[in-house]
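So, here come the structures, one by one.
Note that subunit A is present in both complexes that follow, paired respectively with subunit B and with subunit C.
Right, the complex of A and B next:
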């Protein structure tokens, strides 16, 4: 899995941080997404997929790869 | 698109969706409707259409143009028609949003969680002391979010009843007269100006103090009026919506008690259950308006420049093409990309806070009152009428 985030699209809703705090964080200055781990371990991937699906700004892209 | 229906639609039973939603999604996804003001608007009910329009940064909820529809029965047209924040768009909106976004990061909200939980426990204890049956809306639903907002703004808890009234008048669709609304708004503005002045003199550890510092630092880019507008926005968005949702969430889960029992048996379901209640809510209220400032095509139909469009978030959330068994409740549904907080650059920025409050309330209730039940048949629950935000008048419970 490879994750990319689009900070320009991000609206700072924080859903991703609530769902996968080990993978996503928010910049303290503006609430915009900060990617902590672009290639998270298996155990976190379901939460990451969910975060991408429910991101209100569609700012998270998940590329699945073996 | 021949007949024009009155909007909002006549309300069916408190927890049920109007039959019009399914019909319009099916036959007339861009429907002409007549608002309480007599003005005409277009109503979107399909998931894809609502999501697409809300996500378009060109269109906002500010209905200040000459030809924008007025949503409400009173003259001023309600909270969406005010000039508040209308000039804050584009780059300025991004700057403002950053300032506020800072206060609502998931981490900051998580830091508020223990206080929210302690307050929820205290309120439930007080409700239990007074004995069953109790009204969950007045015992817990309304006081908890007011406590949270008062905490964020740094205003004393003791003023919470005044805040609740101000908030109601701001969201009036038909309930209050223009004089009542004007008087309440003037009181609220005076209260907040005094509070801002006090915080300017003696800064505290609250959002207003922080905003004042930021306004000072950004001199000219964000005015003092923006501080007031923000406080007003927080009150309306942060109090009323969550307060109503607490009552509706508990009612939805108790209306079919097997739902409640399932969460009692497995409290790990709290998070997905809250999301499903948000999706399933058939009584969200008016919906989110958009002023169409240039022609745009949505779902194959051109929305003409100058139109006012109402996005029915709840109708979209019941769209079978987006959610399997959309009419039913699945407490484990995941992912659950419902639109109750909007979508795109203007999506609700307090959604982490709302989620945290709702999850905390549900967790505390299933732990503390596993035997909770409705004290009246679900069919007897009554909607709060005449406001832009939907809720229930009372949720009588026993335990």
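Right, the complex of A and C next:
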């Protein structure tokens, strides 16, 4: 799995941080997403997929490759 | 409960798409059809009053998924065709073009339709803003004439005013409330927003009812207030709220009362669910019916609906959340901030343009609001999550978009 985030689209909702705090964080200043781990371990992937789906700005893209 | 073979989703936007995606992610291998009235692939609405209106984004950027991602869903998208009738017992939907679609589970995700002012339909230059086509038409018009009047001081009206100022237009915002967003966020935050708009050069007519739209030769020329004042305009945006898009459900037997009435699991009838702006469901934590018009609600509710369709049994008990961007101010709100609550600044300082405010009712924290302090606001979300599990008062409609 490879994750990319589009900081320009992010609205700072923090839904991703609620779902996968080991993978996403928010900038202290403007709340924009900070990607902590672009290739998270298996155990976190379901939460990351859900985060990409629920992100209200469609700012998270997940590439499923081995 | 048997797991349905075929699922039909009516409405191809944030909520409908999220149900389709969640169904696949949660293991649904059967048929999946998504019917949408608009010709466009699913796109996002929040940028319409912001980046798309300002012209910062090409329209494609507002698409929620790429063609490739939609293809991977293995769903049939029927776009540009509206549902016109639902047979609840047969779970059958008739469309405007004459298709009959039958499924084992039907999800209603038709959102809301903007309210209009009397006389607006016959006048060119008067706009509502709900769809991508609305946004593009409005943008084109804003580029052609300098004077814009926005009617409605809710979130949508305020965002349009901010975006139009950013484009250099001469903007007047007229609304019934005493301050920008006062209905939703109360006088204190509403006052701060009103000052913000005034500082950025928006002409404000608050506490002002609109008497009529004036026109000449079929084109709008202005907005007359009840005070008699005439606000001249090249374009007018009417942002006075929206109503659930439930007209097509008349005669279906479903209960419609400010939205599709659902139980705590977002079920309107056996095998029929509702999601997003159109759904009015029983929030078990609050002990009352709630309908939310915000972006995260659509996708969060979709997770529960998909689980329910696949045989799960989860009530939908969210902490409501919405954001709004106006100029360089980003507001985040958790819970149910209301005009009735007491507001206290918990962190930061309004003077510095960065703070977190808490809304309290009856001693309990009912809302957390961040003003250019998104992360700090989120960190206080648990305060309000606690109160959302307490039983409370009668049915309300919390419309954050007006």
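Please note the rule applied: the second predicted complex is superposed on the first by the 66 of 66 C-alpha atoms of A that agree within 3 Å, B and C clash if a C-alpha of one lies under 4 Å from a C-alpha of the other, contacts with A are read in each partner's own complex, and residues count from 1 in each chain.
One rule holds for everything that comes next: a contact is a pair of C-beta atoms (placed from the backbone, for glycine too) under 8 Å apart; a residue touches a chain by one contact, two chains touch by 3 or more.
All values reported here derive from a predicted model rather than from experimental measurement.
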First, second, both or neither for A:21, with subunit B first and subunit C second
first
Which superposed partner A:30 touches (first subunit B, second subunit C, both, neither):
both
Look at A:41 in the shared chain and tell me whether it touches subunit B only, subunit C only, both, or neither; answer first, second, both or neither.
neither
Identify the overlap between the subunit B-contacting and the subunit C-contacting residues of subunit A.
9, 11-15, 17-18, 26, 28, 30-32, 49-50, 53-54, 56-58
Of all residues in subunit A, those that touch subunit B in their complex:
9, 11-15, 17-18, 21, 25-26, 28-32, 49-50, 53-54, 56-58
Under the stated contact criterion, what part of subunit C meets subunit A in this complex?
14, 18, 21-22, 25, 44, 46, 61, 64-65, 295-296, 299-300, 303, 321, 323, 325, 330, 332, 370, 372-378, 381
Touch list for subunit A against partner subunit C, complex
9, 11-15, 17-18, 26-28, 30-32, 49-50, 53-54, 56-58
Quick check on the complex: what are the subunit B residues that touch subunit A?
55, 97-99, 101-102, 104-107, 109-110, 334-337, 341-349, 351-352, 355-356
